[in-house]
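Look at the two complexes coming up: chain A is in both, with chain B in one and chain C in the other.
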Partner chain A sequence: MNPNISQIRKDFPILSTIVNEKQLVYLDNAATSQKPIQVINKLTDYYKNTNSNVHRGVHTLSGKATDEFEDVRLKVAKFINAPNYKQMNPIIWTRNTTESINIISMTWANDNLEENDEIVVTAMEHHSNLIPWQRLCKRKKAKLKIFPINNNQELDLKYLDEYINSNTKLVSIVHSSNSMGTINPIKTLIKKAKSVNAKVLIDGAQSVPHMPVDVTDLDCDFLVFSAHKMLGPTGLGILYVKKDILQNLEPHFLGGEMVLDVSYESATWNDIPMKFEAGTPNIADVIAFGSAIDYLNDIGMSKIREHESELTAFALNILDENKYLKNNSTLFGPKNILNRSGVLTFHSDIAHPHDLGTLLDNEGIAVRTGHHCTMPLMKSLGVPATLRASFYIYNTEEEITKFFECYSKSLRFFDNVR
Partner chain B sequence: MDDLYQEIIMEHNRNPKNFGTINNPDVFNEAFNPLCGDSITVYFIFEDNKIKDLKFESQGCAISKASASLMTELLLNLDTDSATKTIQEFHKMITQNEENDYDEDLLGDSVALSNLSKYPNRIKCATMCWHAAKESIIDLNT
Partner chain C sequence: MYDEKILTLYNSIIQNHSRAPQNQSPINLITHQAIAINKFCGDEVQLNLKYNQNNFNISDLQLIAKGCSISIASSSIVSTLIIGLSSEKINLTRQIFEKMLDNQNITDTEIMLLGDLIYFQPLSQIQIRKKCSLLIWKSIENIKPLNPIEI
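Now for the complex of A and B:
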């Protein structure tokens, strides 16, 4: 059964907000998603009825908070189909995707990378999956290789053997591009990486919220993503680490909660995953995130992907039929629905995306304008910035029609006075 | 949208004044807007403490280009004290304190940008070039 979008929309209070005297059309989901009432209620309910610190204290509330907190860890492990998660939970809470990547660069990669080793990223990485590797490679005298893309901003797989070879230690790649909407063939890349004994980190910030992602099937070593892009609260990131690496991984932050025994001279670490979470964790947001996972599971990740693909096809069709837009605006990214997400990125010579974004905002339409934290990619495309519309489960064809109407109108406004 | 994109701003965006580079400037400064990656460079030639020539080069939106164009028109031929004063008044106008007590007479056509105070997330677009100019005058005097 297809999800009932109008019913879903009722769960998101913010969608009925009036912005600049217009009904909000929220198309900035790649930046952050909106939150359903179930998540908002869970958050306030926790603070009203359960608030307590976890993993310490014998009192009732502390036990309740700990149970709920750990239940969500199980839920998330199941959500990405982590192998044997009931024996050893491989989910580590962080602040966001960026922190998850930084942690791996400072721990596993720092311990294992040697001079002349190679790390492979793609030309479409978010700064968070580029800069940590730049610094590490400089320190270690290792090489950072940038996997090239073709004219449709897809990975150019003819370079597969050249870029992923016996020198490769780590392949750290984005699953779904936040700025181009490209869905990368990560299975092919993981398979190739495994054949040369390289480890693989998948940046799932834009894929885990929008499609089924199964780490058992993928066989990746690390998966990182953020709660706030998938109906959950801000300030919570996820780091999945495969068991064999996790068992030998050193903790990055030290202090409370992550220890078993401490003397003035030394300390021993707590069990996995607690040894990776020093200090009081983000308890309330983890617990509220559980409601976001429930919400996504109730709809089904395949259905979410299907809905967004339909919206994308609808958008591509409008573009195809609108001669003015076709002639005056460029859409980046793959044209094939199968390997593109609901992220649509535009450039026009007529006006700067910032100016267009302000005109769209006047119509209540929220889009992102800028470089989307992919400055090197923007430079290689020869544009300073783009205008990005990104969809989620609650968006409708009517909203997309309105977006294109206002986008054309805004372009014409600048076009007429050129 | 008309209150922001007034005709005078659109005209300066279309045909910016003093757009380009100066080959051997006395001072130049580049300003960035890290939010969008836009950048602007302002070049100065001074003579007897006066701005004898200034030009700007930018990659940015209509607001940033128009603001820079308007700024170069205003600052050309001013002595550095008057230029500093003009820059201060522009900042007052754009950030619009409650008294709204900026000196309109100093700001010429750039008052067309005063409505920008209603668009807080666009203020940086307009102020980038003015920051670069301010830095340049400081550089000259140090």
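Now for the complex of A and C:
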């Protein structure tokens, strides 16, 4: 049974917003998702009724806040099927995906990378999974290798043995590309990495919100993602670290909360995972994020993936039948629906994406235009920027039809004055 | 159809400037140069300039612009306006332009100075695209003398 989209839409107050006198069509979900009323209510409810610092009081509210806060950690561990999470919870709260990656680059990777070691990323990484490794490799005199992609912006697996070899220390790859919609065969890459004893970091910023992701099944060493892209609040990121690494991982920030015993000369660390969370954490957003996880679980991640695949198939079909669009605009990314997410990225020679985006905005349609924080990829494709429509659980076929109508109209508008 | 503001902004004069910007040909002597990049979107404007002997005003220029139609068209129009103007006049033009974008009243004489830049008036209602039209002015802020390059 398909999720009831019209029912779901009613949970998202912002979807009834009027923009430029038109009904909003929100297709910028890869940048950030909208929030259901359940999450918004949880956030205000926390501030109205529970607000208190965690882990440090004996009073009732502090106990309640701590319980709710830690419950969400359990929920998230279960959501990604972390092994044995009840014994040792491997979920560390950060500010966002970017911070999660930076932390690993400054701790585990900094401690383990040696001269001439290699880190492998792909040609389609978000800047946040590229720049931290650039700096680390420079400092350590290590090599950063960029796994090549083919003409459909998919990883070119014929390079697997060449790029992932006995020098490889870390493979840090995006699961689902925010700018091309490519879903990478991470299981194949993880298996290869394991065979050469390399560790694997998965950038799940665009996959965890949209499909089932199971770290036990994947056997990755790190998984990072952001709450704000999966119906949750901004300002909250997740860092999952596999147990064997977690046990020896050095804390990156030091201070209150993360210590057990402190003298003027020295300190000992608190238990995992609290030793990685110095200072007052983002309590309110964690607790509200719990409601986002509940919301996603209620629908089911497989159903969400199914819905987005159907929308994508619907979109590809429209494109296929529209001669004008086919001739005047290029869609990047895999042609096979199994390897692609609900992210559609276009380029047209007729007009710059920012100008097209302004016309779409005039009709209430929110799309992303620009380089999508993947500048090297844009340069390699020879385009300055692209126009991206990205779907989520609340989007409908009517909205996609509207998008294509307005996209064609904007192209024709600029085409006519040529 | 689109709003009035969109139709004004993307009228054929602006479109022509963006498709075929003025002052693209190389000049024979470059005495000054200016570059501005909009880090947010990657748009880029470069001005190669020839100042007259007393370094007082621009006698010739070449514009190299990459980006959206608003940044290219505004650069092209500005490039036609600034030749021969003193830097005070150039600054004044910019001030009037910014006044227009901020929805402040401008006088008829001020409008005369703006020339075709008047078509960017709708940007006062499309905040997010204002910076596209300001890139050329950013570059003008950064004009630097060069050891003259003869071409």
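Operating definition for what follows: the second predicted complex is superposed on the first by the 418 of 418 C-alpha atoms of A that agree within 3 Å, B and C clash if a C-alpha of one lies under 4 Å from a C-alpha of the other, contacts with A are read in each partner's own complex, and residues count from 1 in each chain.
The working rule: a residue touches a chain if its C-beta (ideal position, glycine included) is under 8 Å from a C-beta of that chain, and two chains touch if they have at least 3 such contacts.
If you're wondering where the values come from, they're calculated on a predicted model, not measured in any experiment.
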Fit or clash - chain C, chain B, common chain A: clash
Chain B versus chain C as contact partner of A:I131, first or second or both or neither: neither
Which of chain B and chain C A:A351 touches, first, second, both or neither: both
Partner chain in contact with A:V259 - chain B first, chain C second, else both or neither: neither
Touched partner set for A:N20, first chain B, second chain C, both or neither: second
Chain B and chain C footprints on chain A, overlapping residues: 351-355, 358-359, 362, 370-371, 375, 384-385, 413-414, 417-418
Sites on chain C touched by chain A in the complex: 2-3, 6, 10, 12, 15-16, 19, 40-43, 66-70, 126, 129, 132
Touching residues on chain B, where the partner in the complex is chain A: 1, 4-5, 7, 10, 14, 35-38, 59-63, 119, 122, 125
Footprint of chain B on chain A - complex, ascending: 351-355, 358-359, 362, 369-371, 375, 378, 384-385, 413-414, 417-418
Chain C contact footprint on chain A (complex, rising order): 20, 351-355, 358-359, 362-363, 370-371, 375, 384-385, 413-414, 417-418
